[in-house]
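A, B, C and D are the chain letters, set down in written order, and residue numbers restart from 1 in every chain.
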Amino acid sequence: MSSPYQTRRRIEFRDTDAAGIMHFSAFFTYMEQAEHEMLRSVGLSVMQPDGESTIGWPRVSATCDYKSAVRFEDIIDIAVSILHLGSKSVRYRHEFRVADRLVAVGEITVVCCRIDARHQIASIEIPAATRERLARHTV
Amino acid sequence: MSSPYQTRRRIEFRDTDAAGIMHFSAFFTYMEQAEHEMLRSVGLSVMQPDGESTIGWPRVSATCDYKSAVRFEDIIDIAVSILHLGSKSVRYRHEFRVADRLVAVGEITVVCCRIDARHQIASIEIPAATRERLARHTV
Amino acid sequence: MSSPYQTRRRIEFRDTDAAGIMHFSAFFTYMEQAEHEMLRSVGLSVMQPDGESTIGWPRVSATCDYKSAVRFEDIIDIAVSILHLGSKSVRYRHEFRVADRLVAVGEITVVCCRIDARHQIASIEIPAATRERLARHTV
Amino acid sequence: MSSPYQTRRRIEFRDTDAAGIMHFSAFFTYMEQAEHEMLRSVGLSVMQPDGESTIGWPRVSATCDYKSAVRFEDIIDIAVSILHLGSKSVRYRHEFRVADRLVAVGEITVVCCRIDARHQIASIEIPAATRERLARHTV
């Protein structure tokens, strides 16, 4: 049975702004950090060395809906699930909650790519072993 | 005749990542900076003092589609236009180009709010004078 | 007996740059996060509400020496100690280690301040109760 | 006659924090951006391709003294000068002014390095042609 990956962190001061709340762009970095943590939890890395090159996951789209403001030192729960596991791409959904209240929902679509030593990027099929591990959080 | 607001900046090193390209979250901060610059160009500020409180524009949604990688020191042109000017909200569209090639497109929806001295936030109607100034870039 | 406060975190992707290593400015944000975590561990907050105003700790100086590069996903140990506990100021020292190897050392000096609702800032004596709690990590 | 390199920028919202002022870590990113702009102005880049590798300038130390708070949308003048031009290292000084008032002073020391395709880093002598160009802002 697949289920979301759950993690939790505390809002850092650097992620707040002069309006006194978490800056909207910081939600994207929290989504990314949660995704990377999920990948590590199933034995993967977002930057997997592969001979001379690296298998990585450049983002092709990112979106976030903000429901209510989040403040410095709030503890935020993040649930990461995979909405779609394509042949070359993965669509993640991230739900942010503070004390069980939904505060934001985001989606990020990434494409499996080979990145060579000169930072040239080409999309590839998701390797079968990787796909199998990702299935654990595909809802 | 309304038209997009045009601005240009250079990719900063802090906005790159270990994949050698501009970090996807940085596009959101560039969108915001371009929006604020557009507001100043029509005599507004995203944080307008108003007696004891401040009129601000919290974000309710943000999205970005990435077409191709952008690198350190690339010069990026940003065209900001208003897709929808609601009674309380504004939807911005940002087109990013490097040497005339479209590299990313984003949209951000903001809501006009009164933020009091204790950082309490309440949505309000967009003041008529503000609406008039925004019309200049409403396409 | 006083001793450093110890914490640990993993290098986030957003904190790397196109040179493939942790960006030098990110060490300052990690120092700050470790300081705030230490404050919470002794029952304090870096933003303590106090009636209409807030007791905060603006930085008056910050310095960091970099010994060796740190990379994405490295686990970093941070030891926070107070080198000097003045009447109005605190000088923190932060030692960063990856697998017991010292990779960076930083110092940050902060001043105890009252920040009013209009963001006006004035330095004050460190309250006695706060000073007592800080003594735990004053070396 | 050598003289500081002068540049100017406006404080971005992403660089503010919940205390309502520019975050202390952002000064380091502004120093870096000003250094890179100075390098471009004399025909150099902080990431100079050189065959299979790149000539770069990792930071070995960074320091900043904060004199007074800087706020969102403030226009900040930055004067970059080279205090010391060593055989392998450069020490920069950055003076930040808002409306002619000194608000912060920072120093950053960098070392000339060759960074290979696998992100391995080794210090090298500053090439003579580079040294000559840097002399223009060595005070």
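One rule holds in what follows: contacts are C-beta pairs under 8 Å (C-beta built on N, C-alpha and C of every residue); 3 or more make two chains touch, one makes a residue touch a chain.
What you see is a predicted model; the values in this text were computed from it and never measured.
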Shared interface partners, meaning chains that touch chain B and chain C: A, D
From chain A, the most remote chain by mean C-alpha position: D
Interface with more contacting C-beta pairs, comparing B-D to A-B: A-B
Separation of chain A from chain D, taking each centre as the mean of its C-alpha atoms, in whole Å: 32
Between chain D and chain B, distance of the C-alpha-averaged centres to the nearest whole Å: 27
Whole-Å gap between the CA centroids of chain A and chain B: 23
Multi-partner residues of chain A (each touching 2 or more other chains): 13-14, 18, 20-21, 25, 29, 32, 47, 71-72
Residues of chain C that touch chain A when the two form their complex: 12-14, 29, 32-33, 36, 40, 45-47, 72-73
Residue numbers on chain A that touch chain B, as the complex places them: 18-21, 24-26, 28-29, 32, 47, 54, 56, 58-66, 69, 71, 115, 119, 121
Interface residues, chain B side, partner chain C - complex: 13-14, 16-18, 20-21, 23, 25, 71-72, 117-118
